[in-house]
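Here come two complexes built around subunit A, the first alongside subunit B, the second alongside subunit C.
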Partner chain A sequence: MSYSIWNAFQKEAGAELLKLLRAPEFFIPTLVMPSGFYALFAIALPGSNQNAEYMLATFGVFAVMGPSLFGFGVGVANERARGWLDLKRASPAPGIVYIASKLTATLLFASVSLGLVYVIAGFGAGVVMEREVWVSLFGVQLLASLPFVLLGLTLGFSFESNAAVAVTNLVFMVMSALGGLWIPVVIFPPALQSIAQLLPSYHLAEIALFVGQAPGTHHVMQSLVVVLAMTGGLAALALFSWARQRSS
Partner chain B sequence: MLKRVLFTAISVVIVAVGTVMLSLPTPVSSNETTFDPSAGLMVRNIDVFNGTTWLDDHDVMVREGRIADIGIDLPASDDMPVIDGQGQTLLPGLIDAHTHVFGQALTDSLRFGVTTNLDMFTAPGLLESNAAIRDSLDQTTLSDFYSAGNLATIEGGHGTQFGVPVETLSTPEEASGWVSRRIEEGSDYIKLAYIPGQNRLPSLDRETAAAIIREGHAQGVMVVAHISTMQAAQDMVDDGVDGLVHLFADVAVSEDFISSARANEIFIIPTLTVIASVANTQSSAQFASDPSIETFLTPTQAQSLNNNFPGGIPGFDFDLAKENVRRLHEAGIVILAGSDAPNPGTTYGASLLHEIELLVQSGLTITDALHAATRASAETFDLVGRGRIEIGARADLVIINGDPRIGTAGIRDINTVIKNGYIVERALTAPRTAPRLEDADLGDFETGLDGETPVSWTSTDDSMMGGASAAAISHIQPGANGSAGAASIDASVQPGFFAPWAGISMGLEQTGSIAEYDSIVFQVRGTPGEYSVMMFNSTLAGTPPSQRFEVTNSWQIVSMEIADFVDFNPEDFVGLAIVAGPQSGEFVYEVDNVRLQ
Partner chain C sequence: MLDEKTNQPAIIATNLVKTFGRTRALDGVDLEISAGGITALLGSNGAGKTTLINCALGLTAQSKGDIRVLGQKSGHALARQSTGAMLQNSDLPDLLTARENIELMASYYPDPRALDEVLDLCEMREFCDVQYKKLSGGQKRRVQFALAIVGRPRLIFLDEPTTGLDSDARRILWKTVRTLAEQNVTIILTTHYLEEADALADRIIVMNEGRIIADAPTTEIRDTVGGALIRCVTRINARQLATLSAVRSVNFAGRFVEILSADAVASLRALLEIDPELSDLTIERPSLEEAFLGLTNRANGKTDP
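Coming up: the complex of A and B.
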């Protein structure tokens, strides 16, 4: 990258973070919700302590999904509505800077949210794993934010800000609940299990479960292929939505 | 300023996440039951019996599942776990030279220090991957075993009465093929049952037995024989058998037998435990009540030890047996320690400790008895690396409290069992009951005799015990009170066996616990008379617990309290039978809706 783009990126990313930090009423709940849910499902609910390790894998995906979907989905929609995107388009900084800075902020945000879940898992729910497993699981889950970022972008480019909030919430809930991020998919009736197969959240969770060495068979290669395909599809979709809203 | 925000944020997140990652809990080998194989294990200052001789106050080092060094004041790294062996004795993992591997055999025997079992008849299905498993040095809760697989017996003969399908033979010409098939199945040696001269069970004739011995040798395996009389033993020795898996207790051993045994270099596994049980000496019940044994017995094991054979089987004089052992041992015949578990009065593992004591009672020194339970069997059956404590041998070890050479406590007080270099958890955790039998519906016979449950229904009659009764079963439609189907049984009960029966029985693939149910209920109609329901536990016993009931020509509901089946252990349910008998006659009846409530 040339100096000016790098320069622009740093400033833009810094600005994104500042924007986030200046809205604690937004980011604190969003940060804490996954850990709260995890604590509920993995510690507070009866009979749940055997599943804490399993849930770490699935709730980790949940934890990165929020910032990705909302940061990009709602964030982008709002900025579009306020005309901010038009302003950005007029500026000399290339569009990649906008995306990259948002991505950076989202990843940092997601890391903290994920980290909180891990703290609860390790020190509250009694999960014990090899160091390599902890770290690789964290890495995999962080990477899992990418498909959701792309999905978020698509939503952000396609909907007006109010609609975007509603739609993003819907997508978020569906992905989490039906993707088996809160309750394992194996408990679902067969019809719902088939729906889960269509959701990226389910496949990302399968990969995470495999990396986290959870018991049970997880068809990781299958899920990996599906995730890559879905990510490619989502990237195309995001690009398409971006092009479409640009011309409108 | 914005750049500063960015880099501050990145740094803070990296440090925070990094700190969390480094402080998250990782597994620690907290309890002593798992030692990292690379760290090994050192036992210091212990009296060692290496399978043949004693090495007092020695150190033994284990690495990667094998004995790495034996000596005095062995050097070792600081991180190697150390067991202080002062006041204790180290033995090689024990070898039970005569058991039958079923159910919990391998876990139960290991908990009592028996690290290798020589099985003398089990279902051949268990042998498939056994060779690789027993060579492995991975941590395990299972004892290793070698096996005869399917034993050689005649149709209806010894071995066919246990419900395990057995490929029988009756002529010398069949021997070659029969032996090949055993070797193919994975049998490590051949066992045959030769019991002529009595009319309780049919037996292979001598020519066929001799042919089996010849074929076994021709195909490269040892052949051992089950006998119960000196005459039968003599025949087998003369025909070249390698060893006897029981000692006869019908007569005093003759000098002729002793000299032929010595000349033919045969070995004998006296199985005094089971002789003591048949002779009703109550020796095993006393043994079972010793706290150092009792604490580690599962309920099934305890029941097995306290069971008795049906009384009055001739030819089992316990004192004679012990005397025979003494004379054979003094003549230099190789004696091996085997328990014949899980016959009544015996159980896996614990009974080998009992057998060692009975061998000592017969006149062997404790050293000889321990040799018979370790190195002697290993050398006889060519079990490489087993039954000995020497460099390179498997790290299968037993630590006993005290010195068995002093007093008569034998080796009952086991401190630690080590298998493949790992300490074995001896203590029983939860009550070791079988899983609860979930499906209370044992037979509704709606579409056929067997439904979707893991239950199979077959005909049963005393012909398996040499009786003359016969039963045939079929599925009929409709069933009782509008149900789609029922089981129909055509039973012909004839005198022959002392307690004749014929009818239908049901078996489960795996034992289940029915302790939470109160009663067994079914519907029946047929030839009027008195019938019985028998309930089966997985432990071999004499007559199964049973209750009688009346049948009439119209459908009746029969309900029996499970608790009323005397000596039946509801936690160990493996099957039941609904049969006619012992009254003779022809009985045609139908059974439907068999269930637990």
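Coming up: the complex of A and C.
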């Protein structure tokens, strides 16, 4: 057991994965829900086949959002409430190792969740795309977890553990439903459409739709700028909430 | 005495103040703890023991004053590398085993102890592969203790380490603490139990309402808070009782009066002289609370409630 940040990171990331694998009541629903919903919307419902490609883009964002929001929002709030973070702060553990390890576990988890959706899309819903498109869509959707991770961190630092579960669930539902991840925003009434413009989930879905070459026009540049700005804002918010809970 | 690795005293606090809203949790603490030895912080709940430790660990920022740990600003990375801690309310990840928790904490330190050494020192092989959430309360505290020592720290903070431990577990922990002290590690612990301070510490610091009200080698403190508790029913009032020979403090509990005395025979002789009719008399060794009541009442400048 010798010291280096790399060694600490390996141990910590391993511990994060173990914690995840030992909580099947968390990881199974989180894994199954996106692919299950996708199968329902893109295969089972009548007339759904022509939407399979469109929904692959939006459900992929949905699939990475769950692990990111819950892993950080609920996970951090819990570990803070039980005093585990205090003990880590008193120890020489670098804060960056904690975040990096959680992020690694989350991205791995999100990849599996995303992979399940892709398997259903490719083999069940008959989505046909070129290999480069599959790969770039995967990359974009995996990167989409970053703003949600930052949002989750903010929630985890701001709420006590029980409240964090409730608030994270609420955020998750709003982001999914109003961001157009389940049902296309274009069929929303105008008022709801303008709310969608305020949500990172909507803009991330727009980018994914563009990259996945889904039907319809997608303002990719505009959404990209909005997403970058929102991610910056969420990073600032996460830093602020971290500093605030630290000093209390 | 300076620490042999860092060449610094363990703790130097200068006029340390911490306020929470209107409460002064620490109210001007001046303190130097040299390296090596076991120091016990005693005091009732809210006396400021935990706040002092949290300031030393850099978990709580002081409102005023200064605290240096092994020559560093508290919370500095170099200080943390040489520090181990067992906090009062700090649970470990539920789904990791004791072994995994220890290995994780070890990975943060530059020169940690080997896992086997920790398991032997803490005598916890039998439950080291059980998930933390399945351990008993006492076993959980023992894993937390193992985490405090795995980094081979020069300075160890133990905040009420034996609360909730059975006598066997307490004996093991005391033994380990003594072993570490023999290796010139500095240990600072808080406790409610006078016998624990008595059994372990070379120096006792008594805190009350954010101040240090007594600070002396263990043998001296024991004499100060020792004595006897006289309990009886008497018609003599508190002021007069307080003037009797060897009386330290007087408290009323219902119809009883409790007199803390440095010399029970002398106090009782004087008391019987002025009140031959006193009744329901018992004499016992004071518990820690009663001994403290004596000390803290004096610190607060009052003799009866």
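Please note the rule applied: the second predicted complex is superposed on the first by the 245 of 248 C-alpha atoms of A that agree within 3 Å, B and C clash if a C-alpha of one lies under 4 Å from a C-alpha of the other, contacts with A are read in each partner's own complex, and residues count from 1 in each chain.
In the analysis below, contacts are C-beta pairs under 8 Å (C-beta built on N, C-alpha and C of every residue); 3 or more make two chains touch, one makes a residue touch a chain.
The structure displayed is predicted, hence computed values, not measured ones.
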For the three-chain model obtained by superposing on subunit A, do subunit B and subunit C clash or fit? fit
Looking at the overlay, does A:Gly95 come into contact with subunit B only (first), subunit C only (second), both, or neither? neither
Once the shared chain is lined up, is A:Arg82 touching subunit B (first), subunit C (second), both, or neither of them? second
For A:Met129, is the partner it touches subunit B (first), subunit C (second), both, or none of the two (neither)? first
For the superposed three-chain arrangement, angle subunit B-subunit A-subunit C (C-alpha centres, nearest 10 degrees) equals 170
Tell me which partner A:Gly232 touches in the superposition: subunit B (first), subunit C (second), both or neither. neither
Scan A:Val119 for contacts with subunit B and subunit C and give back first, second, both or neither. first
Once the structures are superposed on A, label A:Gly139 by its partner contacts, choosing first (subunit B), second (subunit C), both or neither. neither
When the two structures are overlaid on chain A, which partner does A:Ser111 contact: first (subunit B), second (subunit C), both, or neither? first
Which partner does A:Ala15 reach: the first (subunit B), the second (subunit C), both, or neither? both
Superposition-derived minimum Cα distance between subunit C and subunit B (Å): 8
Intersection of the subunit A residues that touch subunit B with those that touch subunit C: 10-12, 15, 18
Contacts from subunit B onto subunit A in the complex sit at residues 1-7, 9-10, 13, 16-17, 20-27
Over in the complex, which subunit A residues touch subunit C? Could you list them? 1, 3, 7-8, 10-12, 15, 18-19, 22-23, 79, 82-84, 86-87, 89-94, 247
Flag every residue of subunit A that touches subunit B in the complex, lowest number first. 10-15, 17-18, 21, 104, 108, 111-112, 115, 118-119, 121-123, 126-131, 134-135, 138
Touching subunit A in the complex, subunit C uses residues 57-59, 61, 77, 80-81, 83-85, 87, 89-93, 95-96, 100, 103-112, 114-115, 131, 144, 147, 151, 157
